[in-house]
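For reference, chains read A, B, C and D in written order, and residue numbers begin at 1 within each chain.
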Amino acid sequence: MEKLKIAIVGGSGYAGGELLRLLLFHPHAEITQVTSERFAEKLLSRVHPNLRKLTQLKFCIQSELEACDVLFACLPHGSSSRHLDSFKSISKKIIDLSADFRLGNKEGFVYGIPELHREEMKGANFISSAGCNATVTILALYPLYKNDLIEPDRTVVEVKVGSSEAGNKATEGSHHPVRSGTVRSFMPTNHRHIREIVQELSFGKDIQIHFSATAIEMVRGVLATCHVFMKEDYEEKDIWKIYRQEYGQEPFIRIVKEREGVYRFPEPKLVSGTNYCDIGFEKDENSNRLVVISAIDNLMKGAAGQAVQAFNIMHGFDETLGLTFPGLHPI
Amino acid sequence: MEKLKIAIVGGSGYAGGELLRLLLFHPHAEITQVTSERFAEKLLSRVHPNLRKLTQLKFCIQSELEACDVLFACLPHGSSSRHLDSFKSISKKIIDLSADFRLGNKEGFVYGIPELHREEMKGANFISSAGCNATVTILALYPLYKNDLIEPDRTVVEVKVGSSEAGNKATEGSHHPVRSGTVRSFMPTNHRHIREIVQELSFGKDIQIHFSATAIEMVRGVLATCHVFMKEDYEEKDIWKIYRQEYGQEPFIRIVKEREGVYRFPEPKLVSGTNYCDIGFEKDENSNRLVVISAIDNLMKGAAGQAVQAFNIMHGFDETLGLTFPGLHPI
Amino acid sequence: MEKLKIAIVGGSGYAGGELLRLLLFHPHAEITQVTSERFAEKLLSRVHPNLRKLTQLKFCIQSELEACDVLFACLPHGSSSRHLDSFKSISKKIIDLSADFRLGNKEGFVYGIPELHREEMKGANFISSAGCNATVTILALYPLYKNDLIEPDRTVVEVKVGSSEAGNKATEGSHHPVRSGTVRSFMPTNHRHIREIVQELSFGKDIQIHFSATAIEMVRGVLATCHVFMKEDYEEKDIWKIYRQEYGQEPFIRIVKEREGVYRFPEPKLVSGTNYCDIGFEKDENSNRLVVISAIDNLMKGAAGQAVQAFNIMHGFDETLGLTFPGLHPI
Amino acid sequence: MEKLKIAIVGGSGYAGGELLRLLLFHPHAEITQVTSERFAEKLLSRVHPNLRKLTQLKFCIQSELEACDVLFACLPHGSSSRHLDSFKSISKKIIDLSADFRLGNKEGFVYGIPELHREEMKGANFISSAGCNATVTILALYPLYKNDLIEPDRTVVEVKVGSSEAGNKATEGSHHPVRSGTVRSFMPTNHRHIREIVQELSFGKDIQIHFSATAIEMVRGVLATCHVFMKEDYEEKDIWKIYRQEYGQEPFIRIVKEREGVYRFPEPKLVSGTNYCDIGFEKDENSNRLVVISAIDNLMKGAAGQAVQAFNIMHGFDETLGLTFPGLHPI
């Protein structure tokens, strides 16, 4: 079976670790190099202990990178754009996980949510993976904005996020006695991902997304609760129809809306480790509000998983290759 | 020092346990009887293990209740109204923690948020303690609705709640492997507390509170994130002034809004075990949205603590008696 | 590819759910029936929400079972032995996950730890999967007892366990406000698994395992800390050699002992969802004590994973089929 | 009422924060100065957010210290001994919370566990507060070693500790995604507190404490599980008698051993925020092992609470002054 040579730049972070976990088992991938300036010469499993016994690869430094078929860049925001020329010189195809190329198809990068941009991805060389909070919000709201069903400027979105979203650097705020059990309003307004969301949902109109982010006790996962206001008095079954129309064929989107039991709506822990985005909704019987709820794993559908999905699409592979882990229950 | 005879009806639940914890140390209270049909004849510490070595009292059954000065009722919703006559026959003063008398001053009960109804409480014999989610929301929004600063029908409120809110009965949904780490949209619309909130905030107008509740990994605590839309372009310092005007003298309300550090906004864990309601806010620079954030301990300011505060007011005692625990940090 | 017909009896519990998660993706397995008296006619995903979109199978009742190639029994302790004749009448091969056949090769069942009984398993029709606490302890201590390196009656073992070990029935003790953050000495002495451990480690001698179990904040996972006392003054590198000799070829055992970093020893969360048993050790420089530390996922190597490993061995398949998930990090 | 002038040196850490929480409400204490080099000029509540609205004090630097009645030192290990002369020049009485003076009554410091050294404390000027893991272990085992009931060299002690024990500095190991849900064998052998334990329990004999420490998901709290081997076949009621004899009059020790329910043995969360040490035990029916279980809050009975208890004893105050918080349930 054909194996593509893969380099991962910035492989010691959480997204890099997820890429490794996925690509080590991908039938068309051979990881040839993984860079980390800090951990050069150390085994990957030194920082990604789940990879013990699975690989004997060591980190190298970025200046040692050699030619490859696909380069995944997991550098801090701002770094990828500085290194772009160098990346292009060693790889024809680049998938970037930073925020550097997400807005305005900068440098020819396709915005990396397959459910919205699959066709563009098929021929693309450059893909910019979407932000985690942006992904979970866009996927929740896309059918409604696209079909013009809601008041465009009244949407309120609240995401609840886990601690892995802030990366692997220890800070005062990530110190366990401080972070544990927190319900921290770390970004009530002005979150950086808002611009991505507006870019993908505006469809040429003026829209407003009133966005807030709260950190809660969780390592992986994001839940978005989206309060939208419908232009007409749709029934829940009408909404169902719209979501099924947009997402019925999507391998990684599940509409979750049960009548009974404790799992009536999406939950981040149920998609932990998976590439799923689960979406559910409930209509408010006392107003025109519809509450749309969506859950992803921020490191998967919000980062590495979606990047591998893009990798599959770019190369014409089955879109689910390497992404079939179903998640754990209980967890 | 004068000691009032106190009976607690339904004392085996979580609110009952908190009342015991508070009143056992209250200089004007002598707990004479605590009822539980299920645990009759057992030591209180059998179900409230934090009370070991602090009391040798045992539970009795409700039919054994004798005359007392104040009766606290912590029965399931619906029970208090059935027993009201019997309660009246043994105690002149009743503080009820159920939902039975919260709406419309039913049976002459004063709605039990002191910050809004202190004067009525002073002469009252009957007080109906407010719901926890209602309390945290009302206190966050009261200054804005009272002073008519916001669009009355656009408010979106999202509360994040802990597991103790659902009481002490084990259910499928409270089973640890299921409940642990959850982010469960248990009530996206149609929460019972909405009517209390509207009652207290409407000031004779039509208002709408778009309310959702999400259960998260937490035992005690509620955080309300309230998205309101200002009628005019107020500055944050104008908002400060309004909150200070309404709450500047309140012993249990703190305005929490720091420029730096990890504790810039209210957090439930910091008020755990206390009677505080911490309130903060941030103005959205890109719209007329103001995000107001408030935190309480659902068993304290949301139940037993607020009931003891009412008890103090009713009797002309210092309002903070028995309620001075400052909370723990770290926790 | 040959597909064996698989029935899972008692498939609504946690071990049953894990078997489903594993066998739905196993290249030689076709799940034909899954029983649950309580959830008959409901979709599997009603109780195992991680299986949404992956199977449309519904539960049936036990009396509807038809002939199959392999029957996995996940019934409560005591039930399997009552149903054994009926199981035998529909399937030649039985893998039982209860405690019913673990002691004394009862009814011809092979004790189900492959690392100790691989050869017996190859020809076996009946395998009794080992207890989770027994597995983690036996694997930690087997090289030491087998090679007679330690004082046989001084071993103290303390396991720390998660909440999923107690199954999926909600109880007073599993209620989230009670179970959350607990450090509960639920079985300081007299744990049922001690007899299995002694059976496997005694090698014809009198031995004693002083065993205690403590429930901690965790859903999945067991950590065993084993304090053993060496007969002679072995160095750590001697111990290394012994473990490598016994386990060097084992696909699911990893010796974890790093000089630096935060992952120096095994941790349950790093094996969550996997079939690994990680084992490490440290010699006490001030006595002849050796501390051996081992970690498994109780639902995997401690139940369903080990059962699938046995299934693979029974049929001469690659032992790791269906069991290659590497675990998540961070988690 | 007489108020003693109190200075707290190193007041920005967790133990310092607890001292503040306790002494701000102590009837005989007036906190005059609190030092922190890093946070000088900032409000105490900047780092101890639970103290908001309770004090307007600011941190000063150590060189600004003025004469006081009692000096509490909460500096890192090694610092107090360097500063001792300076401390003596401003305060007659010193209570040190570091490890500097715990062994061998160094510099005339009394070892700070009141249950063992109350008489010496009464006249003392210098008290060295005991280590948290040492305290929980010593209190569990003291009645048994003192009365010579157990084999002196066979005791195995395993403590499970929370994240606050490591202090308030963020490290790789305290980073939330790493620390969360961990069961980390951070000190299987060779823990620094062993020498304190041996000092207090040896009673002139050679004893051995085989000690291991495991970090678990918890912020506050320590549970010690002590496996001891009895010299004779005592019944549990004999053990009861011994513990009651030693501790029956102790205000902060509770013997916890229930026949039923989920709180049969001590649990750290039930003593969170309190100065209690809860102790329970169970006899192994199959050997001469006795398992003794003890729980404390590491920041209270393991640090600041015990220091305040010592302060009370030193001055002839009621020993429980400032220490009556009963703990929360549920938590």
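General observations
By definition in this document, a residue touches a chain if its C-beta (ideal position, glycine included) is under 8 Å from a C-beta of that chain, and two chains touch if they have at least 3 such contacts.
Everything numeric in this text was worked out from a predicted model, so none of it was measured.
Pairs B-D and B-C differ in how many C-beta pairs touch across them, and the larger number is found at B-D. Residues touching across the chain A-chain B interface largely coincide between the two copies, over half of the numbers being common to both. Distance between chain centres (mean CA atoms), chain B to chain D: 34 Å.
Centre to centre, using the average C-alpha position, chain A and chain B are separated by 38 Å.
With centres taken as mean Cα positions, chain C sits 45 Å from chain B.
Each of the following residues of chain B touches two or more other chains: 14, 164, 168, 172, 177, 181, 217, 219, 261, 267, 330-331. Looking at the complex, you find that chain A touches chain C at residues 14, 17, 21, 24-25, 46, 48-54, 164, 168, 219-220, 254, 256, 258, 261, 263, 267, 270, 272-274, 278, 324-331. If you check the complex, the residues on chain D that touch chain A are 14, 162-164, 168-172, 174-177, 179-181, 217, 219.
Chain B meets chain A in the complex at residues 154, 156, 158, 160, 172-173, 177-178, 181-185, 188-190, 208, 210, 212, 214, 216-218, 221, 223, 225, 227, 261-262, 264-269, 280-287, 289, 291, 293, 295, 330-331.
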